[in-house]
Amino acid sequence: MKHFLSLQEIQSLPSWVSEAVELKKDPYRDHALGRGKVLCLLFFNNSLRTRLSTQKAALHLGMEVMVMNFGSEGWLLEYEDGTIMDQGKAEHVREAAQVIAQYCDIVGIRAFAGLKDRKTDEAEQTLTAFARYAGIPVVNLESSVGHPLQALADAITIAEHNTRKRPKIVLSWAPHPRPLPHAVANSFVEMMKKQDVEFVITNPEGYDLNPEIRQGITVEHDQAKAMEGADFVYTKNWSSFTDYGQVINQDKNWMVTMEKLGKARFMHCLPVRRNVVVEDAVLNSPQSLVLAQANNRTYSAQLVLKKLLQQL
Amino acid sequence: MKHFLSLQEIQSLPSWVSEAVELKKDPYRDHALGRGKVLCLLFFNNSLRTRLSTQKAALHLGMEVMVMNFGSEGWLLEYEDGTIMDQGKAEHVREAAQVIAQYCDIVGIRAFAGLKDRKTDEAEQTLTAFARYAGIPVVNLESSVGHPLQALADAITIAEHNTRKRPKIVLSWAPHPRPLPHAVANSFVEMMKKQDVEFVITNPEGYDLNPEIRQGITVEHDQAKAMEGADFVYTKNWSSFTDYGQVINQDKNWMVTMEKLGKARFMHCLPVRRNVVVEDAVLNSPQSLVLAQANNRTYSAQLVLKKLLQQL
Amino acid sequence: MKHFLSLQEIQSLPSWVSEAVELKKDPYRDHALGRGKVLCLLFFNNSLRTRLSTQKAALHLGMEVMVMNFGSEGWLLEYEDGTIMDQGKAEHVREAAQVIAQYCDIVGIRAFAGLKDRKTDEAEQTLTAFARYAGIPVVNLESSVGHPLQALADAITIAEHNTRKRPKIVLSWAPHPRPLPHAVANSFVEMMKKQDVEFVITNPEGYDLNPEIRQGITVEHDQAKAMEGADFVYTKNWSSFTDYGQVINQDKNWMVTMEKLGKARFMHCLPVRRNVVVEDAVLNSPQSLVLAQANNRTYSAQLVLKKLLQQL
């Protein structure tokens, strides 16, 4: 594994999950591994869980961390080749990536989808450019189209709470006032494909995810039907993919309630809007796994960093 | 002591002060205590002294520190229960607090008064909510109604410079162009109540502090009379409490001068506006203790963190 | 050396350069030197290279680092003495500098030129005030009129790549859409004066640098003539000094191209605007030293911090 850009890096999910579960038992066991190694975290967007959990993971591994809010602290980056840079952008990513790589050993990058143009978002220009030019391992801290550290944390959480041989897992769209990226949903779907589970996606018409990503997965537009007998219900809003980046529907009937949930466990990547995406009762109940998911962000990051450190 | 939210945590001030003075002599003596422990500092408002001194204290104790400017780096928080979160706030403090608590061992929080509504400020929603939900020790880095780490640093400073058995200490209001919170003044008053001193508050009519806090304390509206024979003059602006959060008077005659000060020591929590709150000559004279106070911020924070670490 | 404010601190450039080259071979050799020492980095302006390379240097030396974006995280500073501070500025630099000095052992400061008033910029108020009041070593991380850590990194880079006894080095102005400070150019000129090189400055009429700084140096207004037979071409935009801070000319003919460069090495401090300051082909060619320069920022900072630590 040269970088951790997407879930394609995970060959055997069960072995990754069991290794993460082992890490949790003794988080400082690899403290010597990161000694003298520097992790640089570049945030092009806001962050709470990713910011803190990735730092925590690095501390467990004995690494030093340098955090940079790129937007407010650095220079606006140009990504296109051959441009005449006489407008607002002061530095080309070619220089920025190569320079930063000289100051650290691994670089983590968060750069959300702009949701204005699908092609632009799918090009994942920030992540791709750093991976191309940096020459050091790059970790995806949520890009335009994927959030693999979240999906890995989710897989660990499911493994820790699953009691059935082949659980039924439902990914349900939920209403939200603002247009949100597809990254979390995409990565969750890709993660489900790596496991022997019964997996269904449910969303209103017009909200079907990227066909390439949901290929082979049942999409059910009747939420109640989809949730029947579910063991885990993962809820997340995303904007339309067809009508790219638009909020075409805020149907409140899609909010997850205790009644809909039944005996299933509730999952969400956070932050979550209470009583819009999911009712209070669900989050306050022991069926909610959202805190366990957030806690596992530390260990999914730690596992990825550990594997990258081992190959330095 | 579960948290350090207010001065109520201090049972015996003399023993706290003497312990802090001891710490100063050998700041690294408890360096092993914080090993593998993480302090998270959340700033909802600007900070210089608190930001740096608390980090320094943590370094002395061997802790790791993660600093987060919550406003610009994280998500806008909802504090009310039962709200339908379809407006600007993306995350509920219930989730934020519980999540952050999983990434660290102690959390420090700065959240100033909004000065718009007294009830809201007195509810101290940020501090209270974190203390309620985080499940780990919470340290007040200045809240709506109190700044106990400052008051503790002030007590240490007075102890180091006092030469009399029962010194006379005056808290004097001073003019300021903008409305300021009551937190520093409140905590200083509460700290004075814990000591055997002659304590007087002086301020113009209309600027009397919260009656509950100044209960039992002499309030003198004649500044000259109040300052007579003072050993320490603590100066601070605060907005009106009655006419909540308003600047009802900027009377320049209340500025502290060398003439008024006499032989007393001058104290202020900083930042201070020169020639508005206090004249240059005072700050430039050896009678000023403002730098000693700022320095003691490191040791007041260190003492609090040490006590919390010992109970983890 | 009490502070590192300018290149005047460097008595013997060759010995500094060879010491830096030695440091690069074993960056952690002085790791014990910084133990228990704290470096505080105060940014009044944006930064990428300086921010990360100086942190990296401190890590090599075993120091702890506290980074503060002064503008957004602290209080607006007053620099004038005797002012009545009843406007926007909340704290005087006298207090800020003395307070910060109590929390750290060395302080680094970045404060760019405002380019509005020459006298103001030449006064270097931020750097000068901290050096005057802090009482601890102050390091210039780029001030109004100089960027000595960059110039030192440049000198190291030239030493590493020079093959001639007395190389010809050209500092060439280049076009840029926005008015830029003179700091980098000034320090490069001053650094050249410390070496036995053939040095020429070339810029359009109206862009001659400060006469005091370029005293004794040939200024050639014909770029082609200046670059003839050059071994190193250092390119940088700066605004007019005579018509202070103005962009009086954006002549595209001054952009550096492969054709102009010939066999010379290309240097720039970064960030650089591609196809405005220099064409893509130059930056993408092996003749470009910009990454080597950026990498040497770590070692120029490390050398300066090491020398300051040795004198604490």
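Should a chain be cited, it is by its letter among A, B and C, assigned in written order, with residues numbered from 1 in that chain.
The working rule: a contact is a pair of C-beta atoms (placed from the backbone, for glycine too) under 8 Å apart; a residue touches a chain by one contact, two chains touch by 3 or more.
Composition by chain, UniProt nomenclature: A, B, C = N-succinylornithine carbamoyltransferase.
These figures come from a predicted structure and were not determined experimentally.
Taking CA atoms, the transformation carrying subunit A onto subunit B includes a rotation by 120°, reported to the nearest 5.
Interface residue usage between subunit B and subunit C, two copies of one sequence, is largely distinct: under half of the residue numbers at the contact are used by both copies. Separating the centre of subunit B from that of subunit C, both taken as means of CA atoms, is a distance of 39 Å.
Touching of two or more other chains is recorded for residues 72 of subunit B. Per the touch definition, subunit A reaches subunit B in the complex via residues 28, 43, 46-49, 51-53, 55-56, 59, 69, 72, 177, 270-276, 280, 283, 290-291, 294-295, 298. By the touch rule above, subunit C contacts subunit B in their complex via residues 36, 38, 40, 64, 66, 68, 72-75, 78, 81-87, 89-92, 94-96, 98-100, 102-104.
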